[in-house]
Every structure is written in structure tokens, then in C-alpha cells.
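We just call them A, B, C and D in the order they show up, numbering each chain from 1.
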Amino acid sequence: MAEEKENITGMHDDKFLAPENKKRIVIGPEGEEIHVDPLQDYFCTERPQTSEPRNKTVEKFLNWARAESLWVLGFGTGCGSIEIPPLLSPRFDAYRFGVAMRATPRQSSVIIISGYLAVKTLKRAIRSYEQMQNPKFVIALGSCTINGGMYWDSYNTINRLDHYLPVDVYVAGCMPRPEAILSGFNKLKERIRAGRAEGANEYITNLDWYKANQKKIIKDWNMPDYNW
Amino acid sequence: MKNKLNILNWKPDRSSFPDMGEDGKPVISLDSEKFIKVWQGPNHPGITGNMSLELTISGDEVVESKTHVGYLHRGFEKLFERRRYIQCFPTCIRMCVPEPDTNEYNLARGVEELDGIEVPEMANWLRMIVLEMARLQVLLRMVPGQAGTMGLGLGVQWGMYYRELILDRMEELTGARIYHMYILPGGVRGLLPDGFKQRLEENLVKIEGFLKDIDKLILHNAVFKKRAIGIGHIPKDWVDQYGIVGPVARAAGYQRDVRKDYPYLYYDQIDFDYNIEHDSDMFARFLVRRKDLETTLDILRQIMAKMPDKGEIRAETPNVLHWKIPKGETYVRCESSRGEYGFYMVADGSEFPRRINLRGPSYTHAIAVLEKLLVNANISDVSAIMLSLATCPPEIER
Amino acid sequence: MEALLDRLKTRFGVFDFEQKKTYQSFCSVDKLSLVSLVTYLKATEGFKVLVLISVVDWIEDGKFQITYLLNNPELKTDIGIRTFISRDNEEMESIHDLWEHAPTFQREIREMYGINFPGSPRVDESFLLEGWDDIPPMRREFDTKKYSEDTFFPRPGRKTNDPAEYMKQKLYPDEK
Amino acid sequence: MMIKDILSPFSAWKKVFDKPVVIKDPINDRPGADRYRGFHKNDIETCIGCGTCEDICENEAIDMIPVEGIETKDGDSGLRPSIDYGRCCWCALCVDICTTTSLTLSNAYNWVEEDPEAYRFTPGVDEKPWQNEEKGWKKPEGNYEFYSLNRVSMEHLHPEERSDSFVEMVKGYSKEQAEKEADRCVECGICTATCPAHMGIPEYIKAIRNDDLEEGLRILYDTNPLPEICGRICTHKCETVCSVGHRGDPISIRWLKRYIADQNPSEKYKQILESESLKKNGKKVAIIGSGPAGLSAAYYLALLGYECTIYEKLSQAGGMMRYGIPEYRLPYDQIDKDINYILSLGVKIVYDTTIGKDIMLEQLEKDNDAVFAGTGLHLGRSTRIDGSDHKDVYQSIEMLRKITQGEEVHVAEKIVVIGGGNVAMDITRSLARLQIQKYGKVQIITTSLETEDIMPADVEEVVESREEGATVMPGWAPQHIEIVDGKIKGLHVAQCLSLFDETGNFNPQCNLENTRFFEGDMVVESIGQGMDLSYLSEDIKEQLEMGPRGRIQVNDVFQTSLPWLFLGGDIIQGPDVIHGIANGHIAARGIDRLLSGE
């Protein structure tokens, strides 16, 4: 049974860090001291790498395949999520276009930021996005993701999504109707097939810029810089 | 139903695990390694909004739960302070995403009450139509959704289609699918289009057929009954103590319906009844909503029969660009599909509201009630209980 | 309602009684008598339901108004009780032991206005905000637009003209 | 559980054979509903760029931007709304409040972009696929207005009460009425540019709404030192361009101005306008004529510290305002209220002094640092038709002066007035009153070249003339006056077809076959006035540069080619009060610039 020693000097004194994420020394069963730094130990510390495209023909085939099976992370961040269920229901039936919902980020290739992002949700959205497998794409719905929308003067919602995540396609509307979201998917497919949907690589290339933007507004940054 | 009683009386056997303290409550210490902490959310669990539950579980049973909200917080009440009264309307409807019309109506009514504006008769009937259509639309998601949270997705798919029919009518009448912006202070924004009543009636007939399907698919479904009866039982004395409203209170045998208790619009001219159940469990709440659906269809038909064909749609108001509301305060409420939905409004005599505070049903349902109710629940029932309480995070957070 | 008011007047000294609707009235009471008044209303007068606790910031008077709206489900009447506390000493007695959902309201008020309710469960935990380090956002002096522009920087490149000013520049630029 | 509970869910299988409800191509098969609130359209020809849509937008999604090909002109700011779809929430409040109903929404809703910057466009200007879409959201029909279209009616004396006396006929707004009328304003500010004096119209209307009339008075005096007078008789060009007027009655700006002036007592003016102690700078300016231009120049010069002396030919100040406008429209005590305030600032008036006769202009130049002349149009013009030299043919301007001075004028039983301007209406209505006093009934015919729709007189003037018993017959050109035995019998007229020829010159064309005869014992001509420049000596006249139409050339601050001489008012621009005031104000600034050497 591990025992915890508390308040060891020289520890991380970030006031926002949750207790389970703080650096601490654990006494092992045989009395040995184990230094634990959850943010370092539980996540990969290596800086992520961009994935280089393979040869042209293979890449073309892969892009076609990627475009035709868009698995969407079921994470509705704002009002827009009200139009996602109709999209998947009989009338619009997005499954026939290769769009399917997935429950976990590990299985998904698309994240729909469906409208405004409260700062608290932005943190979760970033974590979800970073846990998704490459290549990954972002669809932004509604005015809110473009320039703040309804909540342009709110103290708790971001104004421009492209400062925090690399966005592939924007769909206008407040909220966009399911039909408009479908055309958003069509546009995304086009973009993937043309090989322009390099959001994941872009994110990694400009990681420092994105992280700086994110850290500027997420004041209680208590997670590793890259969650994988 | 014999079994049902047994289920009601059933208590988990805690004689051995987890450890019970001297006060009879389980001793919850994560270090004991008998517990696991599970976070549910903030992804949508089912068809409610973003909200997370911090669950401490022992085996597959919840021993402690905490609600965390704020993922959808937009600071509406702050935004209202710097918007003129008319500008509050596009903002306020976004406070509750599935059923925006109650927001519009409450705010409009508050403004009218504070400034003493009489709304034309026709406008009031049109408001009723929209409010009832909104209720219908939400219930068509929520009633089959109750089974959906238990894995029966077929009803949800069907319900979604019938909801679409109502949304089509909404679009026709109000000009939008979700955020209707139809009710403005002084009146509404348009008469019924030609042939609207007939098309709505056709839809209502289809929905009636759908109700029969729901009965077969869900109501008389052995699995659903097994999982719903006796689960999420709310003791009757909680209702006032926790401020429980709407279908949840009605399922506990209380006659609570704003439409009848504090009649607004022309609900006093409409013939309908409280839908009461007494078992106060998930199944009773499902039954209340299922009856509400029928009542709504009936009310819609009554409205269509009673409303005039033509009339003024808006009373004359001061220039909306600089509309000053005299100093005063009021609390207005209406019955949403989830229960009493109220706005507390304070005007200070200027062009901007001083304070508009929303009190939605979820404010207590999803925090005080849910946290208590989830204790001892099975982890697989968590999202079902959430939905049966009609959790809607945007209205908690605003 | 009138009879009730008389009872409240003599026992708790309520003032500023206002009846807006047949079933709704508001009155004010001193900060110190609030809890006993609410307890009395709940126990004796049948105002069993706490509808909401809300705060209005009257910054020009240096006061917070806290409104407790109670409902009597049998008689179907509402009574709103206002109490005023100073903005310098923002503390109010908690009523968490009277209603189970009162702590939620108090927790939100604590976060949004910075009014403390000592003893209320979880009152110091953050509720809606995460990592907030500015003044409580619902206070009047907090300028949400400025905060938003500083923090979330709107998309640049927009420019608007006031019609009157623009016409002046175009048509009679020389006049002051 | 019963067996039924186990079996009944399987009834879902019967749906296998139902027709699917899936829409094959949702993107193209489903246009928005007829009323759907989709993307914006704007009819840029109808739009006047008032910016009301920008004001009501709670998201600040709308920018007013200049558009190529749209000129800034009176009543059109030249700006057009540009919409940021990173802000818009499709509430369509902008459509519902649009003053011209030019802004609408189409029912298109499909717009997908990879570039977030692309979501800004100017509807009607930038090519978009939906701009010719018929369906979509328009302002709802019926009595659905965000601001009242109907003017708060001003109380008038009834025609029976007013038609025999010179008591002021317009009563003025009460507080409630004024606030209600002020509430209709949408604060676009289009009117400011059209007002010759560029008054801060939306600002003072706002002051009325806020019940801050002292602030209102300060705003009035910023640009106009004669608010009582202007509030009654201004030609209110502002109201012709009022954006509210596009669908309803324009705001009655003039009456609101009068309301502010009426409500502030004259003894508090100095305190309100903070003019109790003005510093003198020791320089002197002479002003010829105490009409609006002269008074306005004197006021603003006095504020700047100049010592001003006004030379007036007649025995009372006010010029055409006093001697040309009948008392029922502008009571003399209101003229005095405005003028006395200006005089209280230290402006001197020398009455009964004619320049060129009692004192020479050259003398004024020597005694003063600069001279401003606002001498107005005081000579009547004749039609020069046959018979117009008869003794019973009068000039309206002279008659009005006589009526004002209380002199006896000849009033016949039947009168014909020639002219379609406000002066013609003034003389018609004055004579009608005198006729009632003398004969007990009105027999007066007013005829003009212009047809009713293009008559220069204000509509209300024409209406009220008719109410008072006069017959107004527009669209007839006077041919000759019939005289029998030395007495006037009446006026022959012919139908007037057009006023101007192709080149735009004044050249009326008549249909001589369609003639009429208006019976009358006397004829009054009221077809415009000419200027009397006799005070300018030949010497000075030679030095002055002349402009088109016999007017003297002045620069943008109303300075003539003689640097010390400034001219303004009706002789340069107008004729109306507000131009005079504006000219006086600008000239005062010009004089200040000249004398302070900037």
C-alpha cells in the first residue's frame, strides 16, 4: 500500500493543479521512495512529429479512403449539437455518406466544433482533439467559431477557433441546418481528396503558437502540453 | 404488477462491501482501492447537453456523485446588461437549446408586464401554437429518448423523424428550424401561412400513429419495464424540499402544471388535465411524458379550432431602439416540457435591463436531485436517470 | 395577501410591499431578519417551495439586492423577499439547511458576485467558471466586452462608419 | 412481465416494408421555407444607408461601408450595410426595422468555406447566388412596426376659430406628445447633412427623450441662434429626407425644436448656455440687416468676443421673419424672445438706418474691421402680363409688410393671388383673415404655374389655406388681367403644360385652348422677390465679382472679392430662414478667421 507524503518543498506549486496531478513522493511497499510527477509520467513527453506523405499514388488512394469514412467524435460543444442528431436520423441519414458517430476520440477522425466554445469546454476540446489519431480534421459550425457570433462580447467564450485548433471547414449559420452540415462534410471530403486537409500536421508544426494561444486563455493549465 | 413492488423495496446488499461507517454511511476513501472514480462527460451522455458527472463507484454501483457544470456557460445574464430589450431576444432564446420558445415567451411577457402592454388576441393564440409545437417537438425527442438511453435507439430514430415534421411546420411559421425568434414583445412575427392548419393536422395524425408504435416498442417492452420500474425513485417529500417541478413532480403525484396553476395566454380556455402518476420512478416519469404528448396533440387541436383566422399580430410599442422600461421587478413563468420555467426580471428605468435571471427546471433537477438520486444507482442507469429528470445544462449555466 | 402582510409587518418589520399580480408580491426586509422570516414563511405560512435566489447589483447605491422568491403551492401565491447588503461587506447568512437546492444558488452567487455564504456546502468550489482570476463577472463594474476583446481578440479588418459623420466628411468637411 | 411485453416490441419489424423517409439529396432537394431566414439581400438602390440595421444588431455584425457607384447625397449617406457572418445570428431584426424595407433575407442557407475571412460581404453589391431569390424573410405584413409610423398630431386651432384672427394657430407639443414624437426617431443622422445649418438633430431629439431640455437648448444654439423662429417657420428640409419618412410620416423635427425652445424660459437662457460673461476681443464688425443671416452672424461673432452693430432699415429687428411672415404663423413675441437673447449678449442694433442713405458703406468699412450684409430679398417681382400695371395689382411682399406694421391695406371682396410658394400662401391666408373681418366671408383664388405635386409651398400650408376658405388652383399660367372701366374684373389663365424646356431653363408651355377665368376685384402677385442692392455704391459694385444669375460671387465662407465684405442670407442662398442662419454662422467663422489672422 502506497503512502503519500504531503507538502514536500520544491514541488509544483501551481494553484490550479488538481491534487492527483501534483508531483509527490510515494513510499513503496518495501520502503523505497518513488518520485511521481503525473504530468510527466502518465503522458508521452516527446514532442509530436508531423507525418510525411507517402508516395503520390498511395497517398491519393489513402485520401480517397479517408474522405469516404469520416468518423465523427460525438462531442457537441455548443448549440450546434442540436442539429447533429437529425443529421444521423432517417431523414438526412448521414451514414450513407460515410459519416458516423464515435464515442471516443481514439476512434474518430473528425471533431465537429458545433458553435461557441466556453473556455472550460475548449480545454476538453483540445484534449479530445489531441487524442485523436492522425490524420484528423476539424469542422467548425456557425458564426461563433468564425468571429464570436452571438457571444462576441461574452467573457467566457472564445471568438476565433482558428487560434486554438486548425480548422478545415467552416459552415455558416446559427445554427447551420443539417443540410448545410452535410455540405460541410462534402467540402471536407473535397479538401481531403485534394490533399489539402493537413490540419494535424499544421497543428504540430505550429504547436508553440497554438499552445501559447491556448495557455493565454486557459488560466488553470494543469495538463501536459500534448495529451497522448 | 407484482414484481414492481419487490423492485421498489429492493436495496443493495452492503453487508460486506464497501465498508460502512458508524453512521451507517459507506466510508469512501479512494486510497482504500475499493472505489473507482469515473467521469461521465462532458461529452453528451445521451441527448442532454454538455455536463460532467464525477462518479465514485464501487463495483458497478455509484456511491457518490458530483455534478460539474459550466461547459456551456456563456454569461447570458451579463450579456443582457449591455443589450437593449429588443436585442435581448436573439440572445435569450439560446439559453435553452432544445426548447427556445419558452425563453422568448417569458422575456416578452416580462417586458409586457413591466411596461403594461396589451397583446392582441391573435398574437396570443399564435404564441400558444408555437409554445405547444415546441413542447411537442421536445417530447418527441425525449419520450423515445428515455429508451434510447438504455440502448433502444430505434425509437429515437423514429422520434427524430416525427420531430422533423414539426420542425418543418415551425420553419414555415417562424422562419427558422431551431431558434425561432417568433415571439417579440407586443406580439409575434407573422400570421399562419396558407394551409398551415391542414398540414399541421396531417402531421398530428401521423404522430398519433407514432404514439401507438411507441407503446408497442417501449411502453410494452419487457426490457424497458425491467430497467425503468423502480429506478430513480424520488421520495414524495423531496418535491418541495428540492424545488422539483413539471413532469417529475407530476410523476410523484403532485398537481403541478403552470398552465393550470397560473394560467397564462388562453390556457384557461383550453380543456386539459394534469397528467399524474404516483410511483415517482423513471417509468412513472416516462408515462407522464407519454401522456403529455397526447395532451399536447389535443391542446394543439383545440387551439386550432378556437383561434380566429385573422387579426392584429403586434401591439404598438415604443421605438424598440430606445425602449425604456419603467423601474420594477417581476417573476414570470410558463410551463416548458421540463416543467416550470421562470424569468426573474428587474428593470431600472433605463434602456437596458438591470437583471434577467433564468430559473429553469434543471437547475435543481440536475444538481441537487441528481447528485442524491445517483447514489446507489447502477452505473448503466446514470444517463437514463439524467434524462428522466430532463437535464438540460445550458439552462443551468446560461 | 393583505392579512399576511400585516402579520409579517408586525413580526419582522417588512417594508416596501408591492403587489404586481394577483398571485405575486414583493417586499423588503432587513438583512438580519431574513432567515427567520424565510423560516417562518416556510414552516407556518405554507411557502414551501424556494423558487430562486437572485442577486441584483445596485452599484450606484453601493448595495446588492438579494431576492428570495418563495412559492406557496397550495394557495398558488408567490412572495419575493428582497434584502439589501452592503457592497463592502458582501456576506449573507446561508439558508442551505432549509432547502436542499439552496446551496446551488448560493454557490453560483458566490462565484458570480463574490457574496459569501459561510457554512453553505461546497460554496467555495468553482461552479461555472474554471480558473477565473478576475473580479466576479456578474458585478456591474466588470466590463465583459473589454475583457472579451482583450482576451479573445476579435477578427480584425472590420471598419464601420457613422452615417452622419460620413456625410459630414463627404459633403461639408470644412465645418467643425 | 406478461408475454405481450415480450412480443410487442417485435412489431417494429412491420416497418421493414414501409417507404423510406430518407431524402435522396438533402443539399439540393430542400430549399428553405417561404419565410426562412437565410442569407441577406439588399436592394442598394432603395437603401439609403441610414445604419438603423447596424444600430439594432446586437452582435455588431453589420458595418456601414462606402460602396463604389453610390454617391453621398441629401437623404443617402452613400454607405451600405456589410455583414459579417462570423457574427450574424439570423434573427432578422435588421430586416424588420429597415426604414426603407430594402434589406431582406433570402431562403438560401448553404455556405461552406475553408477560409474564415470569406464570410464578410455587402449584400446587393457582392455577387452571391441567392441575390435574386424571391423567397425568404421580409418584414411581416400588417400592423407590425418597430417604431411608430404615424406622427403625433399637433393641435391646431380649428379653421373656424383661426380664420378671422392672427392668433398663432399651431399650439405646440405637450411633454407627452413631444416625448412620444421624439421616441419615433431612429437616430440615423441622415437629416443633419441636409439641414443647411447642419443642426445636431438626432442629439436634440435624444435630449427630449431624456427630458433634458437644457441640454437640448445647448445643442440648438450650437448651430442655430433662432430656435423659436426656426421651430415655427423653418422649411424643414430635414423632414424631407427623414428615414422614417420612407414608410410613414417623417419625424416632425421642426415642432420638436420648437418644443425645446418653448419650454426653456428666456430668463434662464444665459445660465443654460453659459454666456453670462463673454470676453471681448476689441474688434468690431458691422452687420447690415437684422434678418436671420445678420442675427446669426451677430450671435456667433458676439460669442467669439467681437463687438457687433446691426444696422436695420425698419423700426424693428427681424427682417423678413417679422415683416414677411404673418403673425398667425410666427407671433412677434417669439421673434422678440430670440432676438432679445442675442441683444443681451451685447449686440447693438441701430434702427431706422438705411445704408447708402443715412450712412455710407464706405463709412462702415472705416469704422469696423469687417462688414457682413444680409439684406435679403425685399423687392416684389411682377408677372409683367397685360394689366399688371393696374393700381389694384399688388405685390405680396409689400402687403405683408404693411399688415405687419399695422397699416391699412386694400382688401377687395374678391381677390386673385398669383403664386405657388409659401409667400403666396401667407398672403392668401392673411387676406382671407382680413376678408372675414371685413366682409364676413372669404372669396379668394390662389393660382400657380406649378401643378399640385410640384408646388413649392408646404403641403400643410395649402391644406390649411383651403381649410380657411381659400380656393387653391394649381397648374394655371396667368395670361392677362381683364380690366373693364378701369376696374379689375379678373384674371385669364391657361393650362400650364410644363415649366422647363429640355435644357432645363425656365420656359413655361401653355395649352392656350384650355383656359379659365378667375373673377376678382384685385390681384396680388407673389411670384418671387428680387434683391435691392442700392446700398452698394457704384464704386464697390465695380470691385465686386459677379456670379451667375446676377448674384454676387462669394467664396465658401461668404467672403466677396472685397476681403472685408461678407454677404449671406437670401441674397446668396435660399430664400429661407435656415439658409440665412447657416450663412450667418459660416460667415461669422470666416470673419473670425480673417480678423484673427489664421
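Following the convention adopted for this analysis, contacts are C-beta pairs under 8 Å (C-beta built on N, C-alpha and C of every residue); 3 or more make two chains touch, one makes a residue touch a chain.
Here the structure is a predicted model, which is why all the values come from computation and not from measurement.
Visitor: By Cα centroids, which chain is closest to the centre of the whole protein?
Guide: C
Visitor: Mind checking the centre-to-centre distance between chain B and chain C? Centres are C-alpha means, answer in whole Å.
Guide: Computed value for the inter-centroid distance: 24 Å.
Visitor: Between chain A and chain B, what distance separates the C-alpha centroids? Give it in angstrom.
Guide: Whole-Å distance between the two chain centres: 30.
Visitor: How far is the middle of chain A from the middle of chain D, if each middle is the mean of its Cα atoms, in Å?
Guide: 61
Visitor: Which integer distance in Å separates the CA centroid of chain B from that of chain D?
Guide: Using C-alpha averages as centres, the distance is 56 Å.
Visitor: Of all residues in chain C, which are in touch with two or more distinct other chains?
Guide: Residues 128-130, 137, 142, 144-145, 155 of chain C each touch two or more of the other chains.
Visitor: Please set out, as single numbers or ranges, the residues of chain A touching at least two other chains.
Guide: 90-91, 120, 146-148, 150, 152-157, 160, 174, 177
Visitor: Counting only residues that touch at least 2 other chains, which ones in chain D make the list?
Guide: Residue numbers touching two or more other chains: 21, 58-59, 84, 86, 89-90, 116.
Visitor: By the document's touch definition, which label belongs to this structure's chain graph: line, ring, star, complete, or other?
Guide: Shape = complete; every chain linked to every other.
Visitor: Along chain D, where are the residues that touch chain C in the complex?
Guide: For chain D paired with chain C, touching residues are 49-51, 54, 62-66, 72-73, 77-79, 84, 86, 116-117, 120, 188-190, 192-193, 198, 202, 556, 586, 589.
Visitor: Can you list the residues on chain D that touch chain A in the complex?
Guide: 20-23, 26-27, 30, 39, 58-61, 84-90, 109-116, 119
Visitor: Any idea which chain A residues touch chain C in the complex?
Guide: 16, 119-120, 123, 146-148, 152-160, 163, 216-220
Visitor: Within their complex, state which residues of chain B touch chain A.
Guide: Residues of chain B touching chain A: 31, 42-44, 47, 49-50, 70-75, 78-79, 82, 90-91, 94, 97-98, 141, 156-158, 160-161, 163-164, 167, 177-179, 394.
Visitor: Using the touch rule from the top, collect the residues of chain C that touch chain D in their complex.
Guide: Listed in rising order, the residues are 155, 157-168, 170-172, 174-176.
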